[in-house]
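In the two assemblies presented below, subunit A is common to both, partnered first by subunit B and then by subunit C.
Now for the complex of A and B:
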């Protein structure tokens, strides 16, 4: 356990060493969020309610995207593909650590930093923009929101891990990751709440894993979700979580068999 | 000039041939780019169909701004893709080899890696642009001519920012962050700049002139831009290009060739 704590500490220190990279990444997240926020402000210029959403809820949704990006949609687990391609995976395999626990620990440290920064950014944006916001006060909704973002963070980690593990067979998985990020941006609800889409389309998206990365947690924060939908959502996301976990273990076992440590 | 055209055609052909080696990756990338374009297009249609006007622009004008953004973005990516690889030239010392070649190094670095995927998207974008322009309530031949001139001006501005980024890379060896910030900021031009409030609007008007690049050309097509404003836009483009070349030359003086 102590070694993982050290990895956690070192990862936090990495942010100190590469603070410019981190800062630029956060600026990019804020720019994307600002575009979405101002777009919705403009759409609601003459209305207080559209698409079944009051203005304060849609603006809260767009501002909370900073938080979701900082905690859920941030991972460096894709570095696995570089480690497989360069052969540096070998050095982890002979060390007395669990390879996935190593990366998950690093990710946890990243998420702590991302969470801290997103809260600061959110506070600054609220002070500067002074938007009308919906503040959730219900303990139930806040609790279930936190549970759902933890599930979302694990799901995202699993999706990126699966793509990265394909490097065992496809040496360049960067295009696949690019495609996944684009699909996630739209199908997860990074620009708009998915339930503003036509009903039939939304009913299909409910069964997509992407829905549980952004839309579902934010919808829970905004409240007014029927109990049956909450149970269905949590169940579907946990089923995906377990399926992806099984798939990762399968890919890992098969991948190691074909791993040739090329490039080492 | 003829020599540079020949060189550009040669390096573009070489660049296109590399895509044949990465067919799977190129195909997935292409699908990703098209998916992103279509998703946004549908989202804009969906939104503006509901509210009728977005900051005073009707659906066709909003779509024209979006398509103008896409055309400029794709052209920029197609022409200046090599800039994304500049970091590698610096940290491997390969930049020294480019400096001693009898070709202008800025030309080689800016235009040395034409992107086939973006090239393929240009023709469909032009067709969609023509279709959208035909749907506008008012446009004139002069307006279209001004639009084309201002689009060329936008490409000059884009080139200037790519030169700034490379100048920065000579000093700091970092390209990725600066270029991505530039892309995110210009991405704000997918929508009319009137949707943004101060101080964001001033930033994307005066610091990175997204409005000059994307929104003003669209206004020009309907004759909503005065000649002094058009001259001002062209002046901004020329000034940025002039300053960027000065900064680039200054950066070259500080290049220490440490990686070679």
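Now for the complex of A and C:
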């Protein structure tokens, strides 16, 4: 366990070593938050309810979206792709360490840093802009919201890991990853709540894993979900989580057999 | 039981053959041309505890592939490997804690952090006790003279300093078996010597079993009593380095300075002229007749200075690779 604590610590030190990069990253997050806020404020300028959403809920959705983006949809796990291609995977394989645990620990450190800063930034923006927001006070909804974003973060990590592991056979997976990230962002509800889409399409999407990355956790925070849908959503996302885990282990085992350790 | 035991090791790679031209690329996308390349062909040898063995061969001979199979990075296509009682490709923690692989300039150090942060991480990864860690770190940084640099971010270190830090990181857990792939590559002559001294010292002090590959024959000559020569995936020599020199050093090198000009054509019958500039001659002469040839040259030519040398080791190795009998 101590080794993972040290990896965690080293990752935090890496952030400290790149203060300027870190600052620009945070500025980008703040700008995104402001853009989203002003966009939805303009859309709701003449009405208080659109797409079946009251203004305070859509503003809450869009601001929390930035926060969820930072926690769920930001990962460096795609570096697996480069490590397989460049052969630097070897430096992990020759040491008694679990490669995935190494990267997950690094990712956890990144996410905690991102989460901490986005909470501070969000609080500052709320104080400055004083937007009309929906504040969830129900313990049940807050607990289930936290559970769902942890599941979402693991699911996204698994999806990107699967794409990256294909590097064992396809030498460049970045075009595939690029396409996947755009599609996932759309299908996850990163641009708008998925339930404003046509009913039929929405009913199909709730069986895809992507819905559970952004839309589902945010809906849970807003408290708009019937109990049966909560159970269904959690079940579907856990089934995907286990399926993807199995697939990763399969790809890893097969991939290592064809790994050439090139470049090293 | 030998520390390292390899029998009939084969390794083949399936290579996707690239073809030039737009239509050929599309065709190869639909029906890719896969070629099987044999990197290792029936490799067998045993290495005993504490041996330091040189593993040499030209580029693409299979040296690094062998080391990768031994360290568990590559799955062998066929054959049997047993090191310290373990099968490397299973990559069991107990095995990985007893070995180390150092590959030239490639690093396990965290690039943006001081080396000490990687050392602390390795302490936890290899579960080194506080006492052993302090002792190992102290010893290694003292011998390698990097005590002051361990707090500087790795990216700011010179290549030589980085290589030393790599060694510290790789040896903190005191591996029993060490695979060194081109450990002196890119280093200046002074650093190369220091690195060689260090490897020799580690081998004696820790009784470590070491396999070393190097393009610098000086590394092998200084460090290894035994050499294994590999070419095109096959072992072509396995034995003492001295015997190799005796067997393949079939000529002597005569370096002569004349005090008057000499007709080059009259010298051709004595051997192969390697160089002839102004009054200086370098002549390769058969080992069996060099005494007689030297006497003739000294008696019949205006010799000012005369020197007899053994051929360079590089030449001997080259003649081994060119030997059609092998």
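As a working rule, the second predicted complex is superposed on the first by the 260 of 264 C-alpha atoms of A that agree within 3 Å, B and C clash if a C-alpha of one lies under 4 Å from a C-alpha of the other, contacts with A are read in each partner's own complex, and residues count from 1 in each chain.
We take it that a residue touches a chain if its C-beta (ideal position, glycine included) is under 8 Å from a C-beta of that chain, and two chains touch if they have at least 3 such contacts.
No experiment lies behind these values; they were computed from the predicted model shown.
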Subunit B versus subunit C as contact partner of A:96, first or second or both or neither: second
Considering only touches as defined above, state whether A:260 meets subunit B (first), subunit C (second), both or neither. second
What is the contact status of A:88 with respect to subunit B (first) and subunit C (second): first, second, both, or neither? second
Looking at the overlay, does A:34 come into contact with subunit B only (first), subunit C only (second), both, or neither? first
Return first, second, both or neither, reflecting whether A:145 touches subunit B, subunit C, both chains, or no partner chain. neither
Subunit A contact check, subunit B vs subunit C, more residues touched by chain B
Answer with first, second, both or neither: which of subunit B and subunit C does A:6 touch in the superposed model? second
After superposition on the shared chain, which partner residues are touched by A:24: those of subunit B (first), subunit C (second), both, or neither? first
Looking at A:14, would you say it contacts subunit B, subunit C, both, or neither? Reply first, second, both or neither. second
Would you mind listing the overlap between the subunit B footprint and the subunit C footprint on subunit A? none
Using the touch definition from the top, list the residues of subunit B that touch subunit A in their complex. 22, 24-26, 28-29, 31-32, 35-36, 39, 43, 46-47, 50-51, 54-55, 174, 177-178, 180-181, 184-185, 187-188, 190-191, 194-197, 200
Touch list for subunit C against partner subunit A, complex: 13-14, 68, 71-75, 91, 93, 96-97, 99-101, 103, 106-108, 110, 112-113, 117-118, 120-122, 124-126, 153
Interfacial residue positions of subunit A with respect to subunit B in the complex: 20-21, 24-25, 27-28, 31-32, 34-35, 38-39, 41-43, 45-47, 50-51, 129, 170, 172, 174-176, 178-179, 182-183, 185-186, 191-192, 197
Can you list the residues on subunit A that touch subunit C in the complex? 2-3, 5-7, 10, 13-14, 17-18, 87-88, 90-91, 93-97, 256-261, 264
